[in-house]
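Look for chain A in each of the two complexes below; its partner is chain B in the first and chain C in the second.
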Partner chain A sequence: MPVGGRKQPPVATELENATVTSSLSGREWELPGMWNRMFESRVLSGYTTSELARISSLPGGESIEWCYGCGKCVPVCPVDLVGEYGPRKLHRKAQTGVNLLGDADLWMCTTCGNCLRVCPKEVDMIQIMPAAREAAVTDGIMPPELQDVFEKTFRQSNCLGENPRRRHAWTKGAGVPVRILASDPRPVDVLFYVEDYWSYHPRGQQAAQAFARIADAVGVDWAILGAEEKTLGDSQRTAGEKGLFEALMEDVVATLGKYTFNRIVTPDPHGFNALRKVYPTYGHNFDVLHYTQLLAPLIDRAEWAGSVEAKVTFHDPCYLGRHNGEYDAPRRLLASIPGVELVEMSRCRENGYCCGGGGGGMWLDGFNSDRVTERLSERRVKEAAETGADILAVCCPYEVSRFEDAAKSTGNEHLKVLDIVELIDAAMFPR
Partner chain B sequence: MIAMRIVVPVKQVPDLVEELELNSEGSDIDREFVKFVANEWDEQALEEALLIKEAVGAQVSVVAFDEPDVDQTLYTALARGADDAVKLTGAGDGWLSTAERSRLLAQWLSGQSYDMVITGVQASDDLDGQLAGTLGGLLGVPHASVVVGVEPGSGSVTVTQELAGGTVVRTEIATPCVLGMQTARQAPRYAPISRIRQAMSAGGLESVEAPGDATGPADGVELLRLYPPEKAGRAEMISGDAPAVAERIVEILASKGLVKL
Partner chain C sequence: MTDKPIVVIGGGPAGISAAQTACDLGAEVVLIEQRGFLGGTPIAENYASLTPHMRSAEEVVGAMVERLTASTSLEVLLDAEVTGLSGEAGAFALDVAAGGAVRTVDCASIVVASGFRHFDPGRETQMYGYYEYPDVIALQDLEAMLKAGDVRRPSNGETPKRLCFIQCVGSRDRHIGNEYCSKVCCGVASKEAIEVREAIPDCEVFIFYIDMRMYGYWESQIYWPAQERHHVQYVKGIVSEVLAKGDKLLVRGEDTTMGRPMETLMDMVVLSVGMEPSAGTRKLAGILGVEQNKYGFIQAANPPLDTVSTSKPGIFAAGAALGPADLEDCASSGAAAAARALSAARMVIGA
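Then we have the complex of A and B:
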């Protein structure tokens, strides 16, 4: 482990008790029996397998049965580093009859995908978790924080519950004109899908404005949907609300059908994942890029009026890297910025450590706080600080607020958290 | 056998994440681009009805006027567990006053069998709080408002009401009756979107022409003017170091007569 820390101690529940009577004095001694201290014969195979069967019978849950218990997934699980978790542990719980659908463990997986990377049996938690959660949600079981986000998403079509008609409010501060298709429906090369945090979160809006200036400067022909945009809802899907995802998808596909464009570009790796991997399974195929993939081949056109003289480390978003295989585009962009010295964290690329925001984790901070010793984002920020970097660069809209909070709570305020577009913007248009 | 029938009237109110604007006459909010959602107290009423249904069995019917975005509210109610949903059409486009609303509902209800009518104690748009009482009066049945719990008995229900000053009162009321719900015994349940969509594709809404006659005795209320709250005073930001700030706070408190120097 590159950074110190401690794991959440396991909760030991003593289920068995034994009373020993002295043959000399006749006194009785209460001996609490740990699970592995056997005072009488017990049946080792007496567990019900029905809970495991319940999960494996769900569409998407099948692969949980393939687990042969090697446990390779546990040390790479980001949640296990700060708690007591991991696919093998969940599998074992289900094997011994624990109802995972009613267990807090169901909601702690961030679907980061590092377990699947190392699993020799391809037990796919990225399918299992959403399937099991969907079954729980259908029964009305979910953390209240998550229910609130689902309801907001259904009502306002964004996870923040913000006014849908103010989706493009950020364009006012961009300093360059931003075309909105509803008022100018001519064909366009790039449809820029802004997604929730760049539309509404103050720090996200700053990144969106930086993107607008850069796209304008390097000559991208682009436009946004404005108030017609609805979230793609990929994290709501992985958190268990597939029905909500499908309802959103119907509306999104109908809206996209009104306009002519060559490709969709989004700053949100979760939305990117939805369009690239999930939409095609419903027969909706779009040419889709993450914004780093759009800008990397164009960055030679950038005119640098300044530089960013700083040591920068980069956090790979799980849904851009591990889930969709893109590690180089963000690094190419960073390398192109004059003055930037890129230093890698020990956990990077395929083994990047999750920020904790995926799979609904973005909305479960309170729920998870009792169950981990520190936030995943806090642990990651410590790793970033350990490199000696001045700046932690990110390219997922979830991360700026997560890591900025974590930098403060871990005493690493000196570490600035900036989106890659903010760094490019600072070097192209120094103020 | 269905033990009883509970009718839950629900109302659409503007979604408060929207920025509300007034129409040019200043007589109403501009309803054209505003999204409407279910009144939160009516959702409490539905939850209590569903809890009763789960405990002792009941047919839960939801009824609403054909107001903006009402289909989503009614299908959500069906997805939560309501047995049927009725949409009363043709009662006009604009805002219905509580008096008009209760007259129309009473006419419709008089042709229905019901043991309880449970509705929200008030609605967030007018905070009028008169629907349950007026309905009870028009129907000639007892009513209770600010209800926080309903226990059905035979031929009667025991209701718990929250009164002023932290007083709680339990009353036995003969059925049929009308109840205005403050809060249900648990938070309104989640309706999985897949279930709402199933309800939508099943299309189980019953559209019924609203009874035509909303006229009746005057409400006693005439809308004179609708306007955004006028700004009253402003916060003062106190700057300076701690002693200076403390001094200013003491000065303010003294000027309000809250401390004696």
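Then we have the complex of A and C:
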């Protein structure tokens, strides 16, 4: 019993053409330029299991196909608020036949972990992204600026491509002696792993010098590796260069094996994450602290010669907070500084908004600039400014330069961006 | 104990459960079934396995039937149809046509378990082409294929490489008049999707849906394993038409997540048809004089806590005669209706 009769065979193609014809001259243009829906087929048609199967077959990629589309990740994804990328969309794009390994979306995730925090199905971008990116990198697919960083890291063991022998150049301006293990290999309590930005970036060096003065003043027995230090490379790993990370780890473990120390302390939440979470999966176990965790219990010993009379807001680093659960140590330090009034941004602690630097984002601002309406750091700086704060305090070496740039570009030059150690330093040793 | 029997009308899962409970409680039971066998729709429609536990329908229902028919206080009338009712609670007289003759069954109370039927996709207002395209089938058609261990495209006998389910066919629709959710189709489609993936590992399976309604444990029993272990692809967006394209089917709809139209080719399309009152349920409601709701299901008279009483004292309903129900609902309400039927009979006797 046919119902409704036989229908006409369909015409399925509904492609919109990316050629524009001038109504005056009749001349045709192939329109180049940015991705634009107008120039693509509106109709999605490539539904397939194969793209998801490819990602989910990678170790760590399994959960990509667990998404049931609830959308809880959308409002908490820092990138989704400023661009087209979103965790749920990534799953759906793959389902509609898009090759993720060749798609710009692959590089836009900062691995901030906020989607995983809210995901009822535990779709784990923190595992998926490094796995999928590794597959892309293996095929030679990656943004050129990321490739540049990988090459610098490979050659110089730091992401900035700086001279490895100048790792400890910053110590000269510290004003206190900084012990270097190569020349004084006696056992030490704290091995301070300076990492790249505090070693080389001018603003990072200032923070490192501040840390040296504070550590000295509160009686920490500490030393650094100096020229022997190589980056831990956690962001290179999350950006897809697992091989490079593993090679670095081999060298790092060998170097660490030469010395006797109780614990490693680092200012870099990414390096902290590598030592705390990733190294153990390779059988390398160290006691590791973020510098805020080292200083928080010792800060009562500080003698305050001055104060910081300011409203201060604090940005939680993703890899210290969400990834490793430390929200209180930085706040304890801030609360101890005379004069500081801490005001929280509405998105803080577990729900902290990402600065955009994680997962390789630190090195992809150019790549991302074509794909987002504003940088994550700009969005974050605006939030910080809205609190009425004078100072945006940070404790991740990526953030000072990111937020200082963003404060300028968003017209919030009045907002100073300072590492927590710089604030402590200013109150202990006023100039 | 009442000397009059309890009558159960309908020998599907709910009716079997009701009859079993009444027998267990010591009542004489007459079970009236219009078909020539017990087991109801799962058997009549060749279900391969039952949702969510995926055990063979024949085994599960067969075990129910076997246990029931061992009861000594049970009389089963097959190929039998109720044609009239007189009397009142405690003293009903039911006319039953069976074997070319009409006999009167005296009974104390009645349980109606006359079930549902699958929505006829020919009535669907979307253009799914169930009767036009051989490769467009319904859930129960695929069940029969799965039961036979032979899933193939009806049009050419080939093994499908791409198969999709379209949810909410005949449900949640004002045009059709079925404004309710049929409750089980999300789970059944997902269960069948798993079975197709197991039977044909290189067949891509998609489910196009408005909402996945996987209530309670079905979420983790069926939905999540289908997606996570069997790689069934769930696409949020319903299909509004199926068109022939070459020897394949073009399904067209909206991908609501992406906010874009979608169209993709399939070898087979399975319509997740909903539940409607069976012809027997509609007819019996009239004969017995119990109220129906606007969809034709028997109206439970005192919801929410009394789920099995009808508008007529002494007559109770169970299973999918009351509305969309899964097998566990049917077993539960069958037992509840039997207990209520028996207690009603005793109250009348005692009065």
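Here is the rule we go by: the second predicted complex is superposed on the first by the 385 of 431 C-alpha atoms of A that agree within 3 Å, B and C clash if a C-alpha of one lies under 4 Å from a C-alpha of the other, contacts with A are read in each partner's own complex, and residues count from 1 in each chain.
One rule holds for everything that comes next: a residue touches a chain if its C-beta (ideal position, glycine included) is under 8 Å from a C-beta of that chain, and two chains touch if they have at least 3 such contacts.
Just so you know, these numbers come straight off a predicted model, no measurement behind them.
Participant: First (chain B), second (chain C), both or neither: which does A:68 touch?
Facilitator: second
Participant: Going by the contact rule set out at the top, does A:24 touch chain B (first), chain C (second), both, or neither?
Facilitator: Neither: A:24 stays clear of chain B and chain C.
Participant: Check the residue A:151 against both partner chains and state whether it touches chain B (first), chain C (second), both, or neither.
Facilitator: A:151 contacts chain B only, not chain C.
Participant: Can A:92 be said to touch chain B (first), chain C (second), both, or neither?
Facilitator: second
Participant: Of chain B and chain C, which one contacts the greater number of residues in chain A?
Facilitator: C
Participant: Sort out for me which residues of chain A touch chain B in the complex.
Facilitator: Those in contact with chain B are residues 137-138, 140, 142, 144, 147, 150-151, 154-156, 161-165, 241-244, 246-247.
Participant: Which of the residues in chain B end up touching chain A in this complex?
Facilitator: Spelled out, the residues of chain B in touch with chain A are 15, 17-19, 33, 35, 37, 187, 189-190, 192-197.
Participant: Under the touch definition given earlier, write down the residues of chain C that touch chain A in their complex.
Facilitator: Chain C reaches chain A through residues 122-123, 127, 129-132, 204-206, 212, 223-224, 227-228, 231, 233-236, 243-245, 250, 252, 255, 257-258, 260-264.
Participant: Quick one: which bits of chain A touch chain C in the complex? Just the residue numbers, please.
Facilitator: Counting only chain A, the residues touching chain C are 1-4, 6-7, 9-10, 12, 14, 42-50, 52-53, 56, 65-66, 68-69, 88-89, 92-93, 95-96, 121.
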